[in-house]
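Order as written gives the chain letters A, B, C, D, E and F; numbering starts at 1 within each chain.
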C-alpha cells in the first residue's frame, strides 16, 4: 500500500470534566498526561515505518501518522459552547480527511464527538460504545441533560443515529429498571463485560460487526472504565469485573480500520497509580492510529 | 415468583481485627467503607425490581432485599465474647428467616459465623471457603487458637461440620508439611487458584457442588485474598496468583442461591488503593443478595 | 529421589540500577525487599520438606534449598567492574554445583549474569528472556553499550550464545524498525505477550522448548515487566498488556528444572504499591528453587 | 454566663467545586469527610460542658452547640442557583439566631456566603479573608465572573461591603500587576503570610481588628491554603510559605466571638494525605463553635 | 570524662498494638522500621566518638552506646503477659546499669515501661509525658483498663508515682469534662502544645524541671503525636497543632541526661509518608542516647 | 531603576542523578516538573512588571527575566563529561551577563556549578551552602570522589575557593568525627538548622554575610533537604529538624541580589507528595530571579 492511501490521525485534547457529576473529577488533566506518553511512543516511527511486536512486522504508517492538534478550548461553565467546539474540532478533522482521536475529559464528550462525526459524514452513523455504564439517563435534577450519564441517550436523538446501528460493550452490574426498559424499547444491545470475558475477543468482535453492519460510518467511544480498575485505576469510578488492558488494546486495534473517529474518556490522573492509566490511554490512542492507518470499509462483509 | 418467596438479607458489620496476628491489621475499618458503597448500589432497586446487565433482565428482588443491621459490638480484648456476639447475630438473622452477610473484620470470623449457622440450622453444614490460605493451624504461641490462621480448623471441630462437606477454593503457594498432612488425614479437599484459573468457573463450580452435595446447608466464606492483589490490594496479605474480580463476582452469584450465610473478610481499607477493594466487597455482598434472593436447595441434583 | 540428587540455590542481590537510563531508577532497593519476603517463605520448609498447594503434595526439597549469599558489591560509577563481580558470583555458584538466582537491579544485569553462566558451563548456552522489551539496542549516546536496553544484544555477542538457542517471551507494542531488522537478520524469535495470552502456558512452553532444544544449558532472565503493571506495578516501566502473576509463576515453575541460573530484574520498590511486586518477586524466586530442585536436562526430548 | 446567652452553630455542607477552574477539583468531597471528623469531636461535650486543654478549663457551651444541617443542594451546571441556595442557607441560620459554618466546596463560595450574611444582617459587613490568593479577578474567558478566583471581587460589589472594612491574611508570592493596582485603588489591605509569620498571632490580630473596626458584622472566610501545604496538603493548590495549623486554629478561636458566619473552603480530600486536612478542617469548625459560643461585639474597643 | 562514666543504652522493640483501640493500628511494625534507621545512624560512631553538628563538637560516647536488644515477645491476645515482659525488659536493662529505650507499639506501653522503671529503681518516679492526648481514661467497655487511652491513669496508681512528680506536654484540643476534673483533683499539670509553641523550648523545659524536681528518677514517655502530623504523619491519629520535629529532637536531647528510661510510641508505618516518621523516631532514640550518655541527676538544681 | 540595569536569569535543567549513591534516586525528573511550575509563575509578569504580595509593590523585572535554556545533556555513565557540560553551561550564562539557575539533579552538581562560576568570574568565589549534610567526604569505595557526598570537598580544592569565604547553613544531626576534624582544620563554618531556627532569618543572614564578606562573587547552592521533609518530602533523604519553606524562600530572596549563580538540587519527584516539592523549588527559583534582578555587590558593607 502506498503512503498516500494511508489515513492520518489528529490527536485532540478535551480537558473538560464539568459534567463529571457522578464520577470523580480530574479527567481534565488527562490530555496533558496522555499527550506526554503518546509523543514518546510516536517517536518510534522512523522513515514512516514502525516495528510491531504483535505482528512481528515492520509496517508502513507514513510520516504524519498522529498529529497533536492541541487542546480544544473549554468554555467556562458553558457545556453547550464547549460541546460545540468539540463537535467542530471533530468535524474539521474529518473534513480534512483525517481521523480525530479525542482524549477527554469526562464521558459526556461521547455526545459532542459523535455529533461532530454526524455533521461531517453522511449516512447512518453507528457507535461502538465501550463502557462500564450505559450512559442512558434522560435527565435529572442532579445531573441535567448533558452529563456523563447521558451521552449515549443524547447521541441516539441525532437524525441518523439509531440503536440498531450501535452496540455497547463491557457494561456490567446493576442499573435502574427504567434504563433496562429503554434498552428493550429501542432495541439497544450490549455485550456485558462478563460475556466478553467468557467468549473472548474474536467472538465479541464478530457480534459487534454483525450489529453495526448497517452503519455507513462508525465511531468508537472508549470510556476507560470498560477496562478493569486493576489495569486502569485512574478512572472516573472503580467498577470491578472489567476486561484486561491487553484485550482493550486488541479491540481497539481490530476496530480501528473501520472507524472514522475515536474518543478515550474518563482517564483520571488524580486517581491514577503512577500514571499507569495515562500510559495505557496513550497506547490505546497510538494503537488506534497505527492499526487504523489502513482503512477498511464498514459493512456486512468485514 | 411472587415476592413472598424471596429471601431477604441482613448486612452485619464485624469491625474486629484483633486476631490479625499474621496479616496486616486494618480490616476493622471495612464495614464502614463497604456499607457506604453497598448503600449506593442498593438504591438501584426501584419498586422491588432491578436491572442486571449480566442477565439483561429486570429482576424482582423485593423492597427489603438488603437491610443494614449495623455493627456487631466488639468486646475489648475478648475474642470469645466478640465471637459469641457474631454467632448470635448470624443465628438471629437465620432464625428470622433472613440470610446474614457479615462484613469482617479479619478471617478469624470464619469460625463464629459458621458457628452461628450451625446453631440456627439442623443437619450437616458445609463450608465453601474461598481464601489464599488454609486457616488450618491448630494453635501456636504467637497466634493462640482463635486467630485468622485457625478459622477452618476450629470450624471442623463443630459437631455437624465435617471435612467431607467442605471445600477450599483459591488456596495457593506453599505451606507447612503438617498442614498438608492434616488435609490428607481428614480428607479436606481444595482447588488451588491455579486449577481454578485453568479450568474456569463452570468446571470449578461443578467440582464444588459435587464435594458439598451431602451438606444440608451451606456457608460461603470469602476471604478477599482469594482474589488477586491486582484486583483487591486492600487485603490482609498480598498473595499473587489469585482469581480476577470478575470470577469472584460470578462465583458468588452462582453460589448464592444455595447458601444460608456469607462472610466477606480481610478487606483492609488501610492497604487499599482508592477504596477499590471496599467497592469490590460491596459488589460481592450485593451480588450475593440479588442472586440469592431466589433460594435453591443444596444437594446432589443442583 | 534422595536428597543428594537435589539442587541447591544461591540467592544473590545485585542492588545496581546505574544502567536504568530509560526506565525509572529504584531497582537498587529490590534485593533488600525481596530478601525479606523470601526468607519468610523459606521458613515453610520443615525437615527438608514443603507442602505445595498447586500439586497437593508434600515435596522433598532438602534443608539447604535457598541460601542467601548477600549482595554483590556494586563498584561506584563503574559498570564493568560491577558486571565482573556479578559474573563471578554467578559462575562461582555454578562451579559450586549450585544454581544462582540473582535479584537485580536493572535489566542491564541480563548480560553479566549470562556471561557468568557462559564462563562456568561448556557448550551452547540458551536464553529464555521474559521481558516487555527487546533489549537489543547496540549503542547510543544517551545509554552507552551496557544499559538496560542492550542486555540481550551484548549477550548474543558471547561465543557460545546464538539467537537460534534463545527466545524472547512477552515482548509487546512498538519498536524501532532497526530493532525489528536485527531480529530478522539474526533469526531471534519472540512470542509476544498477546500471543502468550491467546495460546496459554502449555502451548507457549512447547514453543519455548522447541526453540531452545539445541542449547546445552539454559538461563532464565525474567524482567518483571513481562508481567502486567496491574500485577507488578513496582517495575521500571508500565507496559500494559502483560501476563498475569499466576502465569508468571507457572512459567517459572515449569522452566526451573531445565535452567542453570535465573535473574529477576527491574523490580522497583520506589514505584510499588505496598510491596506487592517485591512479594511477587520473592514468590518467583522461591518457586524457581522449589520446582527446580529436581533438575531435568534441557534438550529436544523434554 | 447562662446557657441562653450562648450562641449555637449550624454546620452546612456545600459540596460544590464547579468553579474550581484553576485549582484541583475535589472539594466536593470535603463536607462528608469533615462532617465525619466533626461529629467525633462533637461528642466530647457532656452535659453542655467541654474540657479545653488550651485553656485548662471546663467550659460551658450548651447542649446544642453545633448542629449538622446537612448538605446544601447543588444545582447542576448552574452556579447562580447553587449560590442562591447557599446564600439562603446562611441567611436562614442567621435569622434563626444561629451562626452558620459552611464547609465548601471551592472558594467561589466566599461570595454567596457573605451575600447571605449581607442579606440577613444590617449595617456594614466586614470580611476577614484568610487565603493564599487574592481572589480579585474581575472576569476572564477561562473562568467567568463567579469562579474561585473572583470571590472577593464580587463580594466588594455588594452594597454594604467596602474594602475599608475588610482585610486579607496570609496571601503570598506573586500576582498580576493589575490585581495589585486594584488593591491600591480600593484601599484593600492584606497581611502577607510572611508578615504573619514574622509578627505572630497577637500582632496580626491587633492589625486585623484595627482594620475592621468600622464594620457592624464580620464574616470569616477561611481558604484552607492559608495554611501551609505541609499541614494542609489536601487543598486546591500547594502554595509554600503558609502558616501552621496551630496558628490557623488560634486565629479562628480568637476571631470566633466577633464573627457572625464562617466558611472553610478548598479542603480537597482527593489531594489529602490520610485525611489529615479534613481532620484539621473539622477542628477549625469545632474550635470556631466552642470559642464563638460566647459572642463579642465587633468594633473599635475589642 | 572517661568512657567508664558514660551510660549505655538498650534498644528494645515492643511490636504490640493490641491496645490501639481508638487510634489506627500498625505501630506493631515500628520497631523493625526504626531499628533499620537507627542502625544506620549508629554507624557514625568511630572509635567511640561522634561529631554533632548542633554542638559543633566531636563527642565521646563510647563504643557500646546503643545496643539493639531485639524485640520483646508479644503474648497473643494477652496484654498482661505482654506488659509483664515489657516491664521485665525495662527493669532488666536498668539493673544492668543501662538505659532502656523502648520502641512501641501503641501508647498503652507507657504503663508497663514506667512500671519496669518503678520496679528497678527506688524512690519517687516522675513521668515526663509528651503526647497529644491525656491517656487518663479509667476504664470503658470499648477499651478496657489497659488501652492506649489509660496509660497515664494506670501509671499514677503505682506506689511511688504521684501526679505532683509528673507533667504532660503538648496535649491539645478538647476532652471530656471528667478528664479535666481528674486532672484538677489530682493536681496533674500539663503544658498545652499551644503554650509550648508560644513560650519555646527553654521556658518549657524550665517549667518541666520545676514540676518534676521532687522526683528521684525520671521516665520520658514520647508519643509521636506530640509532634504535628505534618512532621510525623505515621502516627496513631492526626492531631493538628503539634510541635515541630526540631523541637521534639531538642526536648529529647536536653531531657536525656536526667532520664532513666524512654519510650517512643505510636509510630505507625502503615500511615507514614515514605518512612518519614520512622526516620524521625530513630533520630529521637539516637539523640536520646548520645545526649544522655553523660548522666545528670534529676532534682531542683538542674 | 531602568530596565537595562536589571539582571536576567537562565534556567538550566541538569537531569542527572548518577551520583545519588546514598540518597534516593529520582532527581533526574526534577527539571521537567520544576520547569512546568516555573513557567506558570513566570506568566504573572505583565509588561515587565509583577506584583509581589510580600512587598506589596508592583516591581519592574523586565520582560526577559527568566529564560528556560532547556536541559544540559547528560553523558551516559560519564560523570566527568556531564560535569564539564554543566560547568560550561554555567560559565556560558555568566559570560553572557546572565545569572544561571541550575535545577538538579543530585547534589554532586554543587561542584560543577561552582566550577563554572569559578571559570567565568575572577577573584575569590564564596559558597553559601544550604544543606542538611556536609558533603565533605573525600572519597570512598562505595561513592568515589564525585558523589553527592563530596561536592563541597571538591569545590574547596578549586584555586580561588577557600573555606574562609564559604558557609554552610542548615546542616544537622550526626556525622563522622573525621568530617568534623576536616571542618576544624580548614576553618569551614556552619550554622546548624537548630541555630537557624533559634536565631531567625535576620541574625542568620548577618552571620552569613559576615562570613563571606571577603568573597568577590557568591554562589548559592540549595539542597532541598535544608528544608524540613514536612515541607519538602520530595528530597534525597528525610532529615527531620529542617527549616520551613517560608524561611527557605526568604533566605533565597534576600541572598539573591548578591549571588552570581544558584543551584537547587535533590528535588526528587519520585518521593514527592503531589508535586509539593517541585512547586516549592519553582518558587525558590522564581523568587531568586525576581529578587535578584536588582544586583547588589557582595562585600563587607551589605
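Quick notes
The rule is short, and it goes like this: a contact is a pair of C-beta atoms (placed from the backbone, for glycine too) under 8 Å apart; a residue touches a chain by one contact, two chains touch by 3 or more.
Bear in mind that the values here come from a model prediction, so they are computed numbers and not experimental data.
Counting steps between touching chains, the shortest path from chain E to chain F takes 1. Any chain that touches chain B and also touches chain C is listed here: A. With centres set at the average Cα position, the gap from chain C to chain F is 42 Å. Centroids of chain D and chain E (each the mean of its C-alpha atoms) stand 38 Å apart.
Shown for chain F are the residues in touch with two or more other chains, namely 228, 230-231, 271, 273.
This structure has the following touching chain pairs: A-B, A-C, A-D, B-C, B-E, C-F, D-E, D-F, E-F. By the touch criterion given at the top, residues 41, 44, 46-47, 49-54, 56-58, 228, 230-231, 244-246, 248-250, 273-276, 279-280, 283, 286-287, 290 of chain A touch chain C in their complex. Contacts from chain E toward chain B in the complex involve residues 17-19, 21, 24-26, 28, 74-77, 79, 140-144, 146-147, 270-271.
Across the complex, chain C is touched by residues 134, 171-181, 183, 190, 192-195, 197, 228-231, 233, 238-242, 271, 273 of chain B.
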